[in-house]
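Chain naming follows the written order as A, B, C, D, E and F, and within any one chain the residues start at number 1.
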Amino acid sequence: MPLFDLPLDRLREYRPDRDEPADFDAFWSETLAEAAEHDLAPSFTPYDLPLTAVDVYDTSFAGWAGHRINAWLIVPRGAEGPVPCVMQYIGYSGGRGFAHDHLTWPAAGLAVLVVDTRGQGAHNLTSPGATADPHGGLSPQAPGMMTRGILDPADYYYRRVFTDAVRAVEVAESHPAVDADRIVVSGGSQGGGIAQAVAALRPSVKGALVDVPFLTHFRRAVEITGRDPYQEIVRFLATQRASADTVFRTLSYFDGLNFAARGRVPALYSVAMMDDVCPPSTVFAAYNHWQGDKEITVWPWNNHEGGGGFQREEQLRYVAKLLA
Amino acid sequence: MPLFDLPLDRLREYRPDRDEPADFDAFWSETLAEAAEHDLAPSFTPYDLPLTAVDVYDTSFAGWAGHRINAWLIVPRGAEGPVPCVMQYIGYSGGRGFAHDHLTWPAAGLAVLVVDTRGQGAHNLTSPGATADPHGGLSPQAPGMMTRGILDPADYYYRRVFTDAVRAVEVAESHPAVDADRIVVSGGSQGGGIAQAVAALRPSVKGALVDVPFLTHFRRAVEITGRDPYQEIVRFLATQRASADTVFRTLSYFDGLNFAARGRVPALYSVAMMDDVCPPSTVFAAYNHWQGDKEITVWPWNNHEGGGGFQREEQLRYVAKLLA
Amino acid sequence: MPLFDLPLDRLREYRPDRDEPADFDAFWSETLAEAAEHDLAPSFTPYDLPLTAVDVYDTSFAGWAGHRINAWLIVPRGAEGPVPCVMQYIGYSGGRGFAHDHLTWPAAGLAVLVVDTRGQGAHNLTSPGATADPHGGLSPQAPGMMTRGILDPADYYYRRVFTDAVRAVEVAESHPAVDADRIVVSGGSQGGGIAQAVAALRPSVKGALVDVPFLTHFRRAVEITGRDPYQEIVRFLATQRASADTVFRTLSYFDGLNFAARGRVPALYSVAMMDDVCPPSTVFAAYNHWQGDKEITVWPWNNHEGGGGFQREEQLRYVAKLLA
Amino acid sequence: MPLFDLPLDRLREYRPDRDEPADFDAFWSETLAEAAEHDLAPSFTPYDLPLTAVDVYDTSFAGWAGHRINAWLIVPRGAEGPVPCVMQYIGYSGGRGFAHDHLTWPAAGLAVLVVDTRGQGAHNLTSPGATADPHGGLSPQAPGMMTRGILDPADYYYRRVFTDAVRAVEVAESHPAVDADRIVVSGGSQGGGIAQAVAALRPSVKGALVDVPFLTHFRRAVEITGRDPYQEIVRFLATQRASADTVFRTLSYFDGLNFAARGRVPALYSVAMMDDVCPPSTVFAAYNHWQGDKEITVWPWNNHEGGGGFQREEQLRYVAKLLA
Amino acid sequence: MPLFDLPLDRLREYRPDRDEPADFDAFWSETLAEAAEHDLAPSFTPYDLPLTAVDVYDTSFAGWAGHRINAWLIVPRGAEGPVPCVMQYIGYSGGRGFAHDHLTWPAAGLAVLVVDTRGQGAHNLTSPGATADPHGGLSPQAPGMMTRGILDPADYYYRRVFTDAVRAVEVAESHPAVDADRIVVSGGSQGGGIAQAVAALRPSVKGALVDVPFLTHFRRAVEITGRDPYQEIVRFLATQRASADTVFRTLSYFDGLNFAARGRVPALYSVAMMDDVCPPSTVFAAYNHWQGDKEITVWPWNNHEGGGGFQREEQLRYVAKLLA
Amino acid sequence: MPLFDLPLDRLREYRPDRDEPADFDAFWSETLAEAAEHDLAPSFTPYDLPLTAVDVYDTSFAGWAGHRINAWLIVPRGAEGPVPCVMQYIGYSGGRGFAHDHLTWPAAGLAVLVVDTRGQGAHNLTSPGATADPHGGLSPQAPGMMTRGILDPADYYYRRVFTDAVRAVEVAESHPAVDADRIVVSGGSQGGGIAQAVAALRPSVKGALVDVPFLTHFRRAVEITGRDPYQEIVRFLATQRASADTVFRTLSYFDGLNFAARGRVPALYSVAMMDDVCPPSTVFAAYNHWQGDKEITVWPWNNHEGGGGFQREEQLRYVAKLLA
């Protein structure tokens, strides 16, 4: 993949205007309030694996509309007192996967709560998921989840997903092994988009790890990249032609730019210069709007794999320092 | 595409055992009874196009669970008394499209009712759809509709679709311009699968036009073709590994083989010998089980385009004779 | 497909210089005069389909050099007096297809004459053709028709095609059911390019419907798109290297820009912003040169499917008003 | 490419029935007689290249219907008396290419006559051609040359090509530097198919070099391979559906099996076991029908590249022995 | 991917003849003896990551010819006495990756030694490697490693790799935290092929975990699959045509069938029925030759991803029982 | 392929700054001096082919580190006294191929020495090679040869290749049939990059023929093209992330820009405007830095096939004039 977006020096200053609906905050506070009417009802069932260093809990809780959302809670065994917890949100198409694939944070002495993305994970060979999205949306949808319910913010798929994600923080806070004051949100791609949103909607978290975030700067994204999943939106618009204004209005309630502008906790971002799934200008646009302390790792030769394991090592060091 | 399935002489005799659940008929009669609790509530809104030879009605009705399903009803203008009606079900990914694309049957003096497939049509450039599937299913799903709710017959997507399709026949019957005693079901690929099902579930129809039907002989299909949409099921099974028995049990309630074995009205089938989307053995399997009068057009050099417009001319002649 | 051409505001003003040979008009008047030496000899054979609302004629006539060209003439049955007629020219690779696929205009009370493009239609699954191009061209050709005879304007394939298309208007005019004063030319892609040419060469027509036209602004097209069919020309130039000047001289006699500059009847254009087959700048270039009354529908999220059925509805309304 | 055709031991015995029209020989003798009515009119224009070891002639002659066919005649300079000559026919899509690419036989002391295939060579980057097929065929055609005129043996493209090829032998015989009694025909793929035909139609030649021949055993070929150019025929049949019998009747006049059964001169064949363009069973079918002395080189790990330069070395040795 | 290999019931009995050179054992004992002349010289450098549950050592040692091979040794912190150790060999193209990606076995109380495959890992985005293969081979090679040195068993790439892998077991044995009597070899695909070899060459290990093994039953593999990496061999044979016998002789020293026939420790295999990279018949061929206690997990709907995390859970349970 | 690089008028002036290490000349003089310690030891074995116009020698010599490098020396038979010689270097992935494919220069009265590129040619169907690169490099490598040893100039693959190529000139000079004062270097793509280097490192040569050179202006190339082989470097950098500075430092010793700036002999270049393998700006960058007399052929409609046989004819004429 060659370079295709703005050069790095312009990216560092790229801070586009945001399209923010007047009732953005009201929309989200009402959404969360509505969700709060359902008892969180977290369940933590010990998962039977011959592991000795951690306790694994097959976890579920009542997300948006009380729908059950699955997760793994993995806690280092033998800690003295509650430990910090990392919220792990998942990239597009994946689910929570296997508990034994999420042992990095526990090996560092932290708990991790790995949260399914509702409806996803049914065809992802490496990280299967187990959670339904029982609400099918009130309009037809292109394959994938990007356009489910996209004609109305109240009906849009990511309203449910972001709400689940915020509720999941409460799940972590509720567990006796977790120190509710030291929770960090994290994720890459879709997971990064979710982490951005949760950091804005649940400002009590202590930090955010946002890698090559998706769901950010939608308008530019759909205009400069020909790859999925952003193209799901273009395919929808190519047939549901009268709906473009409606679609972009809906997306304005979910755009990472608007969440980033509300981000006040310390954040570690990453961006890849050859990323044609989540183009670097869409990432820098969010980063440059972020209000809190922030750092960004630039990977000059990478596509959407972004920082991968290299970034994970950066995160281990960043979190160690942040929570020290 | 080379030939890849059984040779034609063996296909003509290929009549595999069927996997039919004991409560197949009960399942469907209960399903339809449950749907019948919702008032059909058809609406027929004149659609404003400068057409003079037909009346076009933007139609909707209460399908499964009362969800609104969209359709086009197109009636030749100036007929004396009610006319026969062709039910047109749609191929995978498409919707009812444009009214002006469905003028063949009206030009032959019949009405046509073109029925949306719920949830589909949002990315199909030539035949967009406008109907939601508000029920999202109780398990995660692979992109596409094949695996939505596939872990339980009661929750499976095609339970809702087939029910909508049966209800649509009632919509046609209810319209004063339609002769309720002369209704023919039709469709290609997914539409052919739906037509097979409706012919079994609503045996009062007068005939069935079934082209290269999909949703038929699932087990063989997923084993011999590597193409979508059957592969959606394989991708699901590749991650939701414990669910194969459950999945095939669900599918047995929806398999075209079991509907074909209940088909008693005259039927015109078509099959394409190089069709690697709906392999010819899966089509002949259904055809050979069909109980009514039947004919099949074999297209020796075609893939899934099947008979296309050629077959449409066959159908015009077949229906003219059938209803004469 | 992302946006790749000029932004819309610049497109609206993009009116490039044209490369027009001095004898452009002479070339075409001589060409048409030469064709006129062959008796038009139209034949209208009733086509046997059980349709009751229209009369279908399997039509042919003497095109360029007297070669027989096939067409469908479809006339609404029972009209009082002659009706207007839409000329339908076909997109690249297709033929006249099936009569029952062209019932929109007849349902609106107009006749339609659907004209084969000589030599095409032999591998198009949805709209097969039945007309030969008996003249093979005096130079080798790349697969496809773009480079047949491209070394000499007199030998170029589209000289024959455009001549056939003009002659087809005479065929329509000659039929008693058609009102020769109310003929509208139409087509998409290649068909749009043909319609542009006929509107200039047969200025007695009443209007033109030009969708995402091909064969327009060749020089820019071959430089900014990597897709067929424009790339057929590039592949030819890549081997027949000494011939570039000759090739572009030939193309200047056939470039839609030069026909558009002679277009004086009312025209309805369409353009798609993500069209990388017929890039939007090549379409606007022609539109901005058009001399008559004109409107253009801009489809912001579409590729070469352009307006499809949506545009067809626009056309129905536009023609109804035009001929009112 | 894995093995996909019959195993080698069965191939060695694979000698299928041939479908031969009763008037096969009459068809060809009349065709050649008709061509003979045109004066051969060979021209040999010295081609200006700074080569010192050979004389290069830009050659042309009157092929079928007197159309000019281009060729290169390359003769080793300084030979004492006439030299043997190899006829080189070209693979599909290519033309005679560059004179300096055909120096192998001259370096071995033989002349070579490299014959354009009419209409081809306009998009082949390595071997461009320069010869037109002025006859366009009397039916529409799929892109490529396989279906040009395929509805009538008299109109079929390869009738002209094979006639040109036979006439080319006369051109070689006519040149004073060539020993008319020692002419060998050769070619790979399409060129191999042509060489087979010429060996049957011009039995005075001394031998044939036939590599991975195309145009052989059409019926089986179109059924077992999904690759071009055989697929051009399938694409034609997929739309021109009523024409299958006609098509196969036409092909029976051109099938390499029928020419091979008339081959009486010594022949060196080659075949590649993983060739999915010209499957090995189609090659062995011809080879096993060949009547003359014969050898075949089997390349077990190759696709359609066949023997390439390795086989060329085999040919050099074979011809040296043959003409010794 | 459809099913393409033998059906399961025949696979369970598929035990083909093996092609084993007479000096197979001598070859390997000499190879290992030669390697043993180099001091193993393991180094264990603590790797600085903020992990608290494990000790990570950036490890290297002298492999074949004394070349330095890199590895991660990860040991659960705080164990009482030496712990068992799992040898982890890597799939084709990958390297040892990131230490934090290999925490499953340590979380189960075992050490893990993750061994680089020399020369690989330089383009694998998820598991980069850091080890050179300083020996370039004595013949040209196709891209990839499959044909490096393939003309001579002594020069073949996998001679060095398998030797490195056996030496790595000694590295594990040498570390004080590891219980040298409880070492289990493991790997998938290429790693499974290596594990098979090590289990035969180092029979003191306690067990083997072999997933969808590569490098097994070469002759059948190259004949029935068209996918890489087996196709690297075909591409080599397609040009280095005189070398086929030499190549297969070389491969006979490295074929998993011959190692499996020497496997005497308990083994857990896995196989995927739709695996067209390492076809199921090649896997069962080895499994059916294995001499020790054995179990095999069959994944009916999977391609080369095989068992993935599901199989990893099987392995955790199997090893817990094995070492109990 | 559309145009994608700078327009021609800007290319003609594009002369970017070069990144040249201070010890560039020292590095190469030491490298060549080191190589010179090995006896050249050329061997010329007559190759048995029934060719009469040339003498073919299967040639080898001691290249870098004394490794044997293979070549073809082909000399026109019967010349009076020594003849000029063209050095032919080979494009990426190919080897010296077949002697009978290199007869153009001999037919023009010159010898040709066709030099294998070590390690390449094992999967190139048209020009197989036969030379090993016994030095495997001291770091892992991405498939292909671009990154073998890329972490150190002394270890980089092209250090060995360029040294072999310079040594090959000495081989030509050493043969009695060759006129050592009239040697011309030539090649396309990789071969062009080698020829540039040799012209700078062996300034006694009489001229250079450089077609669409690869290995030139690395930094820009990897940023603007997404195609191989330049992308091999990007894939390496995408995993070996800490090494970018090291990699570009290594490449600065091998960049064609730095060799071109030292080119003082007459040179004939070629460039293709649609070449996305070796983009035109990278070619012009070198051409514009070349210090000697120079000409460039611009192919406006070609991709990386560049001038092909057309350019070969230009070369024949250029060389004839140069050596006249």
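Keep in mind that, in the parts below, contacts are C-beta pairs under 8 Å (C-beta built on N, C-alpha and C of every residue); 3 or more make two chains touch, one makes a residue touch a chain.
Molecules present, by chain and UniProt name: A, B, C, D, E, F = Acetylxylan esterase.
Quantities reported herein were computed from a predicted structural model and do not represent experimental measurements.
Undergrad: Could you tell me which chains are in contact with subunit B and with subunit D alike?
TA: The shared contacts of subunit B and subunit D, listed by label, come to C, E.
Undergrad: Which chains contact both subunit A and subunit F?
TA: Output, common partners of subunit A and subunit F: C, E.
Undergrad: So which chain is farthest from subunit F, going by the mean of the CA atoms in each chain?
TA: B
Undergrad: Averaging each chain's C-alpha atoms to get its centre, pick out the one most distant from subunit D.
TA: It is A whose centre lies farthest from that of subunit D.
Undergrad: Indicate the whole-number Å distance between the mean C-alpha point of subunit A and the mean C-alpha point of subunit B.
TA: Centres of subunit A and subunit B (C-alpha means) sit 39 Å apart.
Undergrad: Using the average of all C-alpha atoms in each chain as its centre, how far is it in Å between subunit B and subunit C?
TA: Computed value for the inter-centroid distance: 37 Å.
Undergrad: List, in ascending order, every residue of subunit F touching at least 2 other chains.
TA: Residue numbers touching two or more other chains: 125, 128, 238, 302, 305, 310.
Undergrad: Can you name every pair of chains that touch?
TA: Touching chain pairs, listed by label, are A-B, A-C, A-E, A-F, B-C, B-D, B-E, C-D, C-F, D-E, D-F, E-F.
Undergrad: Help me check something: in the complex, which residues belonging to subunit E touch subunit A?
TA: 49-54, 76, 97-98, 100-101, 103-104, 106-109, 125-126, 128, 302, 305, 308-310, 312-313, 316-317, 319-320
Undergrad: Which stretch or stretches of subunit C touch subunit D in the complex?
TA: Within the complex, subunit C touches subunit D at residues 95, 116, 118-125, 128-144, 147-148, 232, 235-236, 238-240.
Undergrad: Spell out the part of subunit A that touches subunit F in their complex, as residue ranges.
TA: 1-3, 274, 299-303, 305, 310
Undergrad: Using the touch definition up top, name the residues of subunit F that touch subunit A in the complex.
TA: The touching residues are 222-226, 234, 237-238, 241, 244.
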